[in-house]
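See structure below.
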Amino acid sequence: MNQLWTFWQNTGMYQLSVEQFIMILIGLLLLYLAIIKQFEPLLLIPIGFGGILSNIPGVDIAVGNGVLAQFSAMGLDTGIFPLLVFMGIGAMTDFGPLLANPKTMLLGAAAQFGIFSTLLGAIAMNEIGMFDFTLPQAAAIGIIGGADGPTAIYVSSVLAPELLGAIAVAAYSYMALVPLIQPPIMKALTSQSERKIRMRVMREVPQTEKVLFPLVLLLLVALIVPGAAPLLGMFCFGNLMKECRVVARLSDTAQNALINIATIFLGLSVGSKLVADEFLVGETLGILALGIVAFGIGTMTGVLMAKLMNLFSKNKINPLIGAAGVSAVPMAARVANKVGIESDPDNFLIMHAMGPNVAGVIGSTIAAGVLIQFAAG
Amino acid sequence: MENILNQGFGLALFGMITVFSFLTLLIIATRLMSFLVSRLDKEQDLPLANTEPLQENHPPITVIMAAIAHYLSRRQS
Amino acid sequence: MNQLWTFWQNTGMYQLSVEQFIMILIGLLLLYLAIIKQFEPLLLIPIGFGGILSNIPGVDIAVGNGVLAQFSAMGLDTGIFPLLVFMGIGAMTDFGPLLANPKTMLLGAAAQFGIFSTLLGAIAMNEIGMFDFTLPQAAAIGIIGGADGPTAIYVSSVLAPELLGAIAVAAYSYMALVPLIQPPIMKALTSQSERKIRMRVMREVPQTEKVLFPLVLLLLVALIVPGAAPLLGMFCFGNLMKECRVVARLSDTAQNALINIATIFLGLSVGSKLVADEFLVGETLGILALGIVAFGIGTMTGVLMAKLMNLFSKNKINPLIGAAGVSAVPMAARVANKVGIESDPDNFLIMHAMGPNVAGVIGSTIAAGVLIQFAAG
Amino acid sequence: MENILNQGFGLALFGMITVFSFLTLLIIATRLMSFLVSRLDKEQDLPLANTEPLQENHPPITVIMAAIAHYLSRRQS
Amino acid sequence: MNQLWTFWQNTGMYQLSVEQFIMILIGLLLLYLAIIKQFEPLLLIPIGFGGILSNIPGVDIAVGNGVLAQFSAMGLDTGIFPLLVFMGIGAMTDFGPLLANPKTMLLGAAAQFGIFSTLLGAIAMNEIGMFDFTLPQAAAIGIIGGADGPTAIYVSSVLAPELLGAIAVAAYSYMALVPLIQPPIMKALTSQSERKIRMRVMREVPQTEKVLFPLVLLLLVALIVPGAAPLLGMFCFGNLMKECRVVARLSDTAQNALINIATIFLGLSVGSKLVADEFLVGETLGILALGIVAFGIGTMTGVLMAKLMNLFSKNKINPLIGAAGVSAVPMAARVANKVGIESDPDNFLIMHAMGPNVAGVIGSTIAAGVLIQFAAG
Amino acid sequence: MENILNQGFGLALFGMITVFSFLTLLIIATRLMSFLVSRLDKEQDLPLANTEPLQENHPPITVIMAAIAHYLSRRQS
């Protein structure tokens, strides 16, 4: 009888708190979003599942010597997992469209307004007395506007690990919601005739340029924003392995086995941060609210920058591709294409949008470098 | 010696009961799940494993926000 | 001359002890079993080879900063390697046959008698004065009866790391011997007509059920036996990645590169535990003897449970598939099929046996959870 | 409170300036690179991504040695 | 204005030292050699890129908690990465040609003169007052003559980690230069008629011998030079996985995903050792000079040994294959073939040269074992 | 200085002797192994690399048990 009582005390039912129950529901919701709605399933499935595991009472999984706690200590607190994922993304990225039309980099720059205005938004929430974010926390929240998962996770792990769960969930959820968030903003800011602008056929970029570009980019980062060098360095390394064509086996592994392994571990590690006392707080609501503002502003400034550039240039840019500057590769580029087709069914913008799209990745890592260098506590 | 023998018998008995209870509950839960799925499937095709992502006007992420807000408000009161 | 003497003193020949020599022979025997007899070669080749490496005198391989000692510290003492292997197995497991006929789960439950009777057997050996096993050690020995390699290794690494080598060797050897151990027991307990029972054609299980099942299973574990959550959690995570179909690249990696890497490291780490002073002890004999009893009892109770169920049910179960409840996936299911064919060449039991077979995996992890929760020192 | 507001504005302003400056410089550097590559390509085909390794009589590894030697000699003088 | 000044102080341009600038140029040179000249690109691309990253000022990449410092601590200081690479090479190695003609092992032994004469050369440089190498340092430099990357890196990481960068760069650069270094020496030491010697068609080696060989080799190492057991053990393990044919999935992973991942991490880790104050020293010049001597002497003694063996044997060996005894698999074997074809266009030596080529790998690991056992500080 | 020179010569001499001795022994061992394999092969086909696992009535795992038992009994006596 005594043993039965001990058993009962050891069950999850006895030990489960309301907070853990809610967090398990949130984990299930993330799985639902990932599987049924196909919201960035590669990350949200491990994150959601890890979140459920982390809230099972009576067993150490996300704390102590638990397996997720160990994954987290190994690769999330150290930054290794997001950097390996970023290396793999680099090995999958084609800078060709950007090299064919380098001025679209400015679109990728403009869209980073989303990051910094969100930083200010977080501070404004302090001012009106809602929260009490520190500067590093505000900066980490801002990076959601970069619309780039590994960058957001890396920056939060450095600046505000206590917010990492909420920031990662926000970043990936909104990236998946790009097809809902962006089109109304894009249409509101552009006229029908602007959306019909046809862009010039791109030149073919020689392989030599593609090989040299990651090196040029790395050296420029080294000279100007060294804080962005770990992120951009791993990204450029992956890209160089792909483009140089002499290490195909390494490039293949970086794009497949290695990024997949890192993604599984990264997702579970992020999931281990979805514990009730860090996630079930008002700040999470603030972060989710700020995140959607970040995406909206980034979209807006990207489009407006395109319109501004058109004032000074003969070769008109279709302002819709400015929205792709927020990153969310390749979703945002596809959205630009889709909205374009609505105005002119024969106007395929996808390749033109890939330029600002990858420029947005570069732009967010530069912003990340600045934030890490100057906002660290 | 007595002690470990008793402990062992207790653990063995208790372990088998747990294993059986667990798998019995799992049978029930599985049958329930299968039943619910079969009813659901009749009413509507589940959009599982479509390659095209679905998007709606009410992004379910708002559910997270609502849940947290509700939880926080309840806790305060 | 002096240097020659130093050299001689540094050779393996000079330093080799009788114990190390015997252990190297045992390592070679494991390789023989793995390569020529094809006893679970995926694990026994790394274990056997690691065992040889670990007994080379005069160099630190399995101790200190040796490479196998590092692997072991990294992933065996921490439980990471068996959990990753289990995740991969989850990603290879099809719960379809179990979902088609859920009541066969009871067969997977009954076969776990093997675990607990072996636990009692170990304690009985104490009683007759042969050994002096502690309760955690007896529990770790019992888990051999689970007939599931990663579970056995995980439980021993938690409860009795000093017995891990012997337990892993016993578990994998007997799993390979299932085609020898089981048939006589199965035939002794069943009549010819019972062995000819034909089972109903299974219903086709919709994908939605397959996606939901790992979540249902995880939640039930969380509520009832949280101690089993790390093992079953990783297993269910692997299975969910497979069944949800939206993260095929992660599922592929979990089933290939990642499980293979983890298997290599796990096997070598287990091999590093095959050092003479831990393995060449009487306890190892006891463990090997108890292990075969465990398999035998599990087979027996599985078959008997099927016969018991037939007393109360109209849809008769062929009792041979009860033997598959010990796990040893998929060997035990094949054995059930083979023995069935001997009685009726047209009666293919393999799919029906897969249900209890995977139920046996679930059953052993539940038993493992109970043992970890209640037998830990 | 004042303080973090000021810091935030400074960081935001300064961050956007950096992002823009960096990407502007990157445009210039990229254009320069493309220009140099196009001139080089006209003069000679770059041996990029041939499968057959090229070997010459002046192994470029000597360049490393020359560079280090030069550096060391300069440092001493 | 103050912030602008802070920003300027944080840029790479402000902080870059001359030494770092030179090291970045060296990193770019290594990338040039790897990509355009195809000098061992699998290692030199990660090494070169890692070297650039490590010399970016103002950010911790190769030091402190930087990502490359972490890779290095994880797998280079511990020896794990070179051992995993060596395991993969073992899984790619075919000992068939060596087993068909075992006496060619003596060629692989003779070529190791390169290692020991380089060791003496390093000490001679001490004598003439150029440098002040310790015995472990001299031994680590000598191992360049083994013409085997992972072995060189492993030995330096044990004996002289401060020289690892220079030794790795020298080893891989000269391995790539084998087609330039060897032919003049080979031609100078052989007559036209010797170069035309046709060797007997090889016997076909049964699979059983191929399975047993790695075990025979391992046991002999265990008995005689246990210091070589970690290196040769992992190599033999890889080879056994390949030849035994019952663990094809492990062998595939060892040859692909795992060796590729280990190569990426190993290369970046070695790159992290290319920091100015360790690399930009006179000793590096000495190491590079000694390295080429090592390759030259190894080539010479390999060829001479073949000529010596021909004095005592009826079955003449073409002395060109002696040069393949330096390892540099499979480049040196190809060079032997190519030089042979110049004298007799129908005389294909490639398969005959593979024997001494892989024997050279064994020879260098034995030499490495001796050096580690007897030269360690 | 003397010292390291002597040590170096000793190590070099001794290292080459070891390398040669080892590979000479390896030649002998390899030849012996090949000889034994060829004799064995004539008498019976080795079941190597069959896909079908073989099972016998005397499971070789008993050899492990016998070996340990023998070792333990010898140690006690």
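A, B, C, D, E and F label the chains in the order they appear, each numbered from 1.
By our rule, a contact is a pair of C-beta atoms (placed from the backbone, for glycine too) under 8 Å apart; a residue touches a chain by one contact, two chains touch by 3 or more.
Computed from a prediction, not measured in an experiment: that's the story for all the values here.
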Chains contacting each of subunit A and subunit F, listed by label: C, E
Common touching chains of subunit C and subunit B: A
Interface residue identity across copies subunit C, subunit E - same or different by half: different
Pair exhibiting more inter-chain C-beta contacts, E-F or D-E: E-F
Centroid spacing, where centroids are CA-atom means, of subunit B and subunit D in whole angstrom: 55
Averaged-CA centre spacing for the pair subunit D and subunit A, given as whole angstrom: 27
Chain centre separation (subunit A, subunit E; CA means) in Å: 41
Overlap residues in subunit F, where contacts from two or more other chains coincide: 14, 18, 46, 48
Junction residues of subunit A, two or more chains touched: 7, 35, 38, 211, 221, 224-225, 244, 246, 256-257, 374
Each pair of chains that touches, named by its two labels: A-B, A-C, A-D, A-E, B-C, C-E, C-F, D-E, E-F
Complex contact set, residues of subunit E against subunit D: 3-4, 7, 18-19, 22, 25-26, 29, 32-33, 35-39, 169, 173-174, 176-177, 179-180, 279-282, 284-285, 288-289
Of subunit D, residues touching subunit A in the complex: 1, 4-5, 7-9, 11-16, 18-27, 29-31, 33-34, 37-38, 40-41, 46, 48-49
Subunit D - residues contacting subunit E, complex: 10, 14, 18, 46-48, 50, 53-57, 59-61, 63-65, 67-69, 71-72
Residue ranges of subunit C touching subunit B (in the complex, touch as defined): 98-99, 102-103, 105-106, 108-110, 112-113, 115-117, 119-120, 123, 126-127, 134-135, 138-139, 205-209, 211-213, 216-217, 220-221, 224-225, 244-246, 359, 362-363, 366-367, 370-371, 374-375
Complex contacts: residues of subunit E adjacent to subunit A: 6-7, 10-13, 15-16, 24, 28, 31, 34-35, 38, 41-42, 45-46, 49, 52-53, 56-59, 61, 65-67, 70, 256-257, 260-261, 263-264, 268
